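What follows is chain A paired twice: with chain B in the first complex and chain C in the second.
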Partner chain A sequence: MTSEYKTIDEANQAVIDKILAATPFLMDVVPAKSVIPLLDQQSGAKKVLLHAGPPIRWDEMTNPMQGSCIGAVLFEGWAADEDAALELLTSGKVAFEPCHHVGAVGPMGGITSANMPVLVVLNKTDGNYAYCTMNEGIGAVLRFGAYHRGVIERLRWMRDVLGPVLGQVLRGIEGGLNVNVLVTKAIAMGDEFHQRNIAASMCFLKEIAPRLVYADVPQDQLREVMRFLADTDQFFLNIMMAAAKAVMDAARTIQAGTIVTAMTRNGSNFGIRISGMGDTWFTAPVNTPDGLYFTGYSSADANPDMGDSAITETFGVGGMAMIAAPAVTRFVGSGGFGDALATSNEMRDICIARNPSFPVPTWDFQGICLGIDARKVVASRVTPVINTGIAHKQAGIGQIGAGTVHPPVECFDQAISAYAEQLGFTG
Partner chain B sequence: MTSEYKTIDEANQAVIDKILAATPFLMDVVPAKSVIPLLDQQSGAKKVLLHAGPPIRWDEMTNPMQGSCIGAVLFEGWAADEDAALELLTSGKVAFEPCHHVGAVGPMGGITSANMPVLVVLNKTDGNYAYCTMNEGIGAVLRFGAYHRGVIERLRWMRDVLGPVLGQVLRGIEGGLNVNVLVTKAIAMGDEFHQRNIAASMCFLKEIAPRLVYADVPQDQLREVMRFLADTDQFFLNIMMAAAKAVMDAARTIQAGTIVTAMTRNGSNFGIRISGMGDTWFTAPVNTPDGLYFTGYSSADANPDMGDSAITETFGVGGMAMIAAPAVTRFVGSGGFGDALATSNEMRDICIARNPSFPVPTWDFQGICLGIDARKVVASRVTPVINTGIAHKQAGIGQIGAGTVHPPVECFDQAISAYAEQLGFTG
Partner chain C sequence: MLTTIIRKNSYQDSITLMLLTNSIAEMDGINKVSIMMGTPANKDILAASGLGTPELAQAGANDIAIVMDSEREGIADEVLTNVDAFLARQGEQAQAQTEQTARSWEQALDQVPNANLVLLSIPGRYAEGEAERALDEGKHVFIFSDNVPLEAEVRLKEKAAAAGLLVMGPDCGTALIGGIPLAFANVVPRGTIGIVGASGTGIQEASCQIARLGAGVSHAIGTGGRDISQGVAARTMKMGIAALEADRDTDCILIVSKPPAPAVQAELLALLRASHKPVVVHFLGKTVTAHEPGLYFAHTLEEAAQLAVALSRGETPDVTQYAPEALALNGTDVADAACAVAAQDAEGVRSSAAAKAQGILGLYTGGTLAGEAAVMLEQALGAVGDHSSHTDGFMLNRDGHVIIDLGDDVYTQGKPHPMIAPLNRVEFIRRIADNTEVGVVLLDFVLGYGAHDDMAGETIPAIREVQAAARAAGRDLHFVATICGTEGDPQGFAAQKRALEEAGVLVALSNASAVATALALIGLAVHYEPCAVRATSESAAGAVASGGDPVLSASVSAVAQPVRLLLDEGPRIINVGLRSFTRPLVERGITHVQFDWQPLAGGDVRLQRVLTFLNRYSSETEARS
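Right, the complex of A and B next:
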């Protein structure tokens, strides 16, 4: 070992100890540029957009992610219309950087720009922060590549009203909002925190609503924010993503072992990181989800998988915790209760342990999966299951279904080979 | 048969068709006396208190129910202090009537007086109404027999603020709030609607919160109501009780068959009604719940079972739907997931059918139990299981635990014997 650990098992234990000890708190909502220096450009400097997944160039992006970029350019006022935005984006004057490289995560396209408000999660155990944009609701939304006027107007309202109001309420909570508590509550209420966040979103509303009505904000803004939060069943997803990122980034400080510390997709490639290989991405062409389609759509319309949201599965929820959310199994086309149980049991076999902080009543109170071991994936050829929304391959149409997707096993093969080589094994 | 039905099975089918067809909507919150004529006394007329369970005299009531009566007298201003209240209650100048006799239900003591606000549920299918007081929260509360100043002050706040504000919001919802929709949502979120209502209470908050902030009410009242609703995890229980009463009262219009149409307890007796025997109560001494006690208490402190809340089990939720709420099983001392499953499977065997309107994901999407058949109870000696709070036998101490309780099987024996006799069977 190149580290203080005598064996891979010992290193892996140190990684999962970091996950177990993590205490993510939702502290604030602030403009992205105020916490992500890369986005805080000086006038004349190169513009930057963050995106989901491992690194990608503009010309490699699928249509929905490109659509999201157009939307972000219009939102930021970098261009006056779609044509001008496209010209800017293809000119090379906009740099693209993975969210993951700057402590952030983004759903679907994951496009994040300077003035978008982001959720601020602090892992108090290690003192590290993570960020994620807020959920825009359903229908035509930027994360699926929509960029028409209504989409941009909603983003501006989120910037001018939702973000500041929610930030004010959160700053008024002494010590912030304990995310683990919300996860523990909602996992007993059928959420798996990727496809289904309705209980957690209501738990969040229950915390925010009574504080919001005491906040010193204009009445019209209070009303709009209350309505938006009550209507947005997936609001908690982005909180869960930021929390999982904060936890897994703390785990990544242990630079040894074979625990998967990130899984993410950019519509072109799937990328993973393992603890022993630090910041290195191991990538392979991404799969297209299997699942159920909304009326009028089929797999022929589906975009290949994208988004940083698989950070939830990396942490042990989402598809890994399918049994927590039997109501989801039908929505993603994975059968009934027995199928959900079989899925979680299978996932348990590629993990090191289970996390007792988050007991699953429907799993006879076993904890969620803890620590995907890339060695076990390589040996068993069983890959993590990811619950996901399915985007139309054409920008702006949005979600057309929901299903499950698996990473290509090659990512894990590469990671283990590289780590073995780093440890001095050859051939 | 004394009816239009050729067989008991045919009659029972008619009863469960009524249950299946029922559409309870929460319409309003109003003072009890405005909808329950018996409580709307003229000056000088005999005062009336409603109570839980089958009929009972003052001197038969256990201590917590008597404490609730004292609290109600103080709340109504019929007496200035505890001594005067006791004098009035023992004088014979107060009449006691079961909630069930006036279209109402009440939790624990079930004491309901003229000026208490009640939830108004309309079963739109049959046009019949049912009423229930609102949940007061936890700790020292009237329903467990507490009557000190803080309890009475909260009841006055509920009369002066919570009731009117919530009534105003509900009247603003075109057609009222569809209770079935909330039940369907929350049953997929681990509620069984007797011991556990946290998801349904949040679903209710999610409906009310955005409307409340648009309501024309003073800001301080808006704030107080929002905080109370966000803090009161059992708020939905009383809505469920009123809805179940509305449904079962519609079922009771079929005066034939052996379906249980009410189960209730007054701390002294357990009473049931069956469809073929109309308004007749079949009673036997009530049991004391088995369960887990809060620190410092034991079964020696427990009051015998009381409350109209077993209307939830009559409808098919509560203990009958234990499998919907695996998180409850540990709270009531009933083991893990397997035990919850075994309980619901056993309950299925004393029911006619299952209700497809309320599929339970943890039961592989089977519907909740539908129609307890007293014949099956008599034949199998398996009695319905009821999830319940455990009251201290001394008034005012409040809840000391939670557990399960069964009706005495004699109630069912009597009911079936009486019905057989009515149908002309003798000996």
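Right, the complex of A and C next:
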């Protein structure tokens, strides 16, 4: 720890000060390769795919994430069909890199390739950027491992129409779109930004629509974009993820203390980072979510937990702000509001403060949880609660339910032990 | 057969519909069911799960689509009824308020900010730290936990005294604060007798006897058994005496404990002699030779209660003669009555040898009650033995008479205490069938909060078995029981008594009476010499000092505001550990919070050290070193 901070508490305060000061703005939508050099094939010797979670090899990936990879290969035109795509992926000619390593986050499989459009969020306080692909809607989608023709066609439409149109509109907003404002509004309207984003998505559409009608694009494209945004309740989730990533990456510049700066899962392992240990991942096998299943499916069909979307909980929303979203409280358990309140109160105890920028009306206007302290997790064995979609373990079937999941506490134990050792603990 | 129901223009969110689906799926005759809004995406999901039907084409995004697979005719109507019922009762579940539960000190303190007492029942090795936390928060502490080191007890009590706080325990089994039973305690009417006790069942028996005599208890303060040792120097007992001396609800003070260490005893007696209130002292096993003005010594817990009740009523107790009463049944002497019971099954087959089994076997769950039985037996046998060591819980093992404390550590290793779980004693009772030495079995039944819900009911089958075996063998075998409880206890005194009597058990109204009954059955009795009230030099000094005694007046004036407030206002409790201890609090509407305590870092010692290191870490000290 740098001598700048005398105690862990001081260092942690510095970390949460970064979170409090952050001002994420949605600036643009651009092809991933234009902002993530690793994805630009001119500069890389290998083809590269980004994935969710801590590092993972192709052969370790669960079926849905592999399905997403096949979809990305087909989308990029690296192979003509599924068999060729599989051959390429198993040949070792495609390199895999966590989204988190290149300033990005990705939902579920998190598979991101060069030509996919990404949302660009700038944290104006620290001047750092973060990226995330756009939400594809529900049903058969790439993030759950689907890769049939309709999925690929949608991705191409997002690349050719949705991305460029939204980019044009966003660039037309001077200074970009202030994400904090949207979050503050929508949290008062019952969103927790992981399970429920409908209010924020509408607030977003409210900002976009008046400008969209003036966009310099063909009418049919305008209609398609308008229809897509109106239909996609979870559109804001990916904006929230990119914004949370931008905020937490700024917080990560304070390389001291025990604040959790990332939580993510790759279907095999859950990984966390803490402020004092910089880029190091602390991993343990993921849990399978508990939740409600669509008819015909059960926990036996569920894929183990995956996705970078737990960046929202790291920031303090999602499951950490369950009480903000009464409409989805019943995902917490069989109970209702009371259970959600108890959960949020419990989450408060593993955090060091509340974030007054985002008051929760249903929580007596207490701010959302701010700064998960890994020490408190280790001491209490209470782990953060993460709201999540549940993927079928077979690629292509898609989402089969939704619920909550907890990180394995061992991640926190390892992180805290490693940090103590770095500071001279020898016991 | 697939059936489709479409409810037009009826919207519910997907979570509600998933819960509804789960509920309908439990109906008889439903093979499979799904209920969703009729959006295109949902219709795809229905089709994918084998529930696609042509009727679904009619369902729009604002229509609820119910598709079910069932062979039963007319099930659709039933399903619709249940769907409506489910949607109508959605809010009910949430209205059922769950009890407040905390998982951290912060939460507990947040939920009951004005708590004044922390009740600790957690593993002993953690008790010191959590008790210290409670004291730091300005709360009194009741430590039910045992296995707390002596040094820790001294340190905690010193710290508490400095803050004017009370530490009851460690290993404190019972207390009544402002009439509220804590941990293992009986429901006793409120009254004017204040008890300070270093023994759990001792306080319970004394308070039950007080209740039986129609009086009540102001407060009963437990100290923990080690408080009266030389090391702890009765720190809690002294505070308790001073608190009761100052308490306006208390007219008479009753002390119940094993004999304290000599120096401690002298200090305590000096303090008690200076009291303005009449005092009764029962030091279990200590021979009583005389009383002093205003300071009475009792032979048994029963006599202690009798003396205290008389004194609290302003009467002068008759101390010339005390004899615990051997039970009379239906007006007949117990020996005759017992013979009558035995005669019912005599059938003339009793061999004289078998009939002469004269051993008393006491199987006790309450340690102090066992101790009292042992002392009385020794008295009756005409010699006083050594009480200091009790191998294997044997409080007495002499001349064929055995008194066992089944609550002794030997019997509770990895097992629940026999007051909670009857099984261990039931095994002991069963073995009596083959033990022809035993003529009288002495049992205690401790009622009240914390104790088993129906100890009599759990024990009676074994009693009947053994009685039948004894009958078959022509043995003369008697069961004598004492019930430590009141009618107000959750188990109900009368119901337990009736059940035992129906099983042919002689039920005495006190432990002393039960022991006297057992002795009478083998032709023995306890005799106590008459004790007069005599002013001694110490008592004279105490009486002179009364009112101006530096010891007590200093103590009384030092009774800190927190202790006065605890007794005056009653407890508001943070219950750390055993959830069952909240039962009397819930029933009485006492402000409390359940703190589901977990050891730090799940008890992982290395992680605890890591946390301590990080919490104490300072870059400056690190730089210096």
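Going forward, the second predicted complex is superposed on the first by the 418 of 427 C-alpha atoms of A that agree within 3 Å, B and C clash if a C-alpha of one lies under 4 Å from a C-alpha of the other, contacts with A are read in each partner's own complex, and residues count from 1 in each chain.
Heads up, the rule we're going with is that contacts are C-beta pairs under 8 Å (C-beta built on N, C-alpha and C of every residue); 3 or more make two chains touch, one makes a residue touch a chain.
Only a predicted model underlies this, so the values are computations on that prediction, with no experimental measurement involved.
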item	value
Which superposed partner A:58 touches (first chain B, second chain C, both, neither)	neither
Partner chain in contact with A:330 - chain B first, chain C second, else both or neither	both
Which of chain B and chain C A:364 touches, first, second, both or neither	first
Most chain A residues touched (candidates chain B, chain C)	C
Chain B versus chain C as contact partner of A:282, first or second or both or neither	neither
Partner chain(s) touched by A:417 [first = chain B, second = chain C, both, neither]	second
First (chain B), second (chain C), both or neither touched by A:227	first
Touched partner set for A:129, first chain B, second chain C, both or neither	neither
Contacts of A:25 with chain B and chain C, given as first, second, both or neither	neither
Partner chain in contact with A:144 - chain B first, chain C second, else both or neither	neither
Overlap of the chain B and chain C footprints on chain A, listed as residue numbers	327, 330, 336-338
Contact footprint of chain A on chain C as seen in their complex	13, 15-16, 18-19, 21-22, 25, 32-34, 41, 44-46, 48-51, 91, 93-94, 97-98, 101, 103-104, 106-107, 598, 600-602, 604, 606-607, 609-611, 613-615, 617-620, 622-623
Residues of chain A that touch chain C when the two form their complex	1-3, 5-8, 137-140, 258, 292-297, 327-328, 330-331, 334-338, 342, 345-346, 349, 375, 378-382, 397, 401, 409, 413, 416-417, 419-420, 423-425, 427
Chain B residues touching chain A - in the complex, by the definition given at the top	185, 188-190, 198-199, 202-203, 205-207, 209-210, 213-214, 219, 222-223, 226-227, 230-231, 326-327, 329-330, 336-338, 361-365
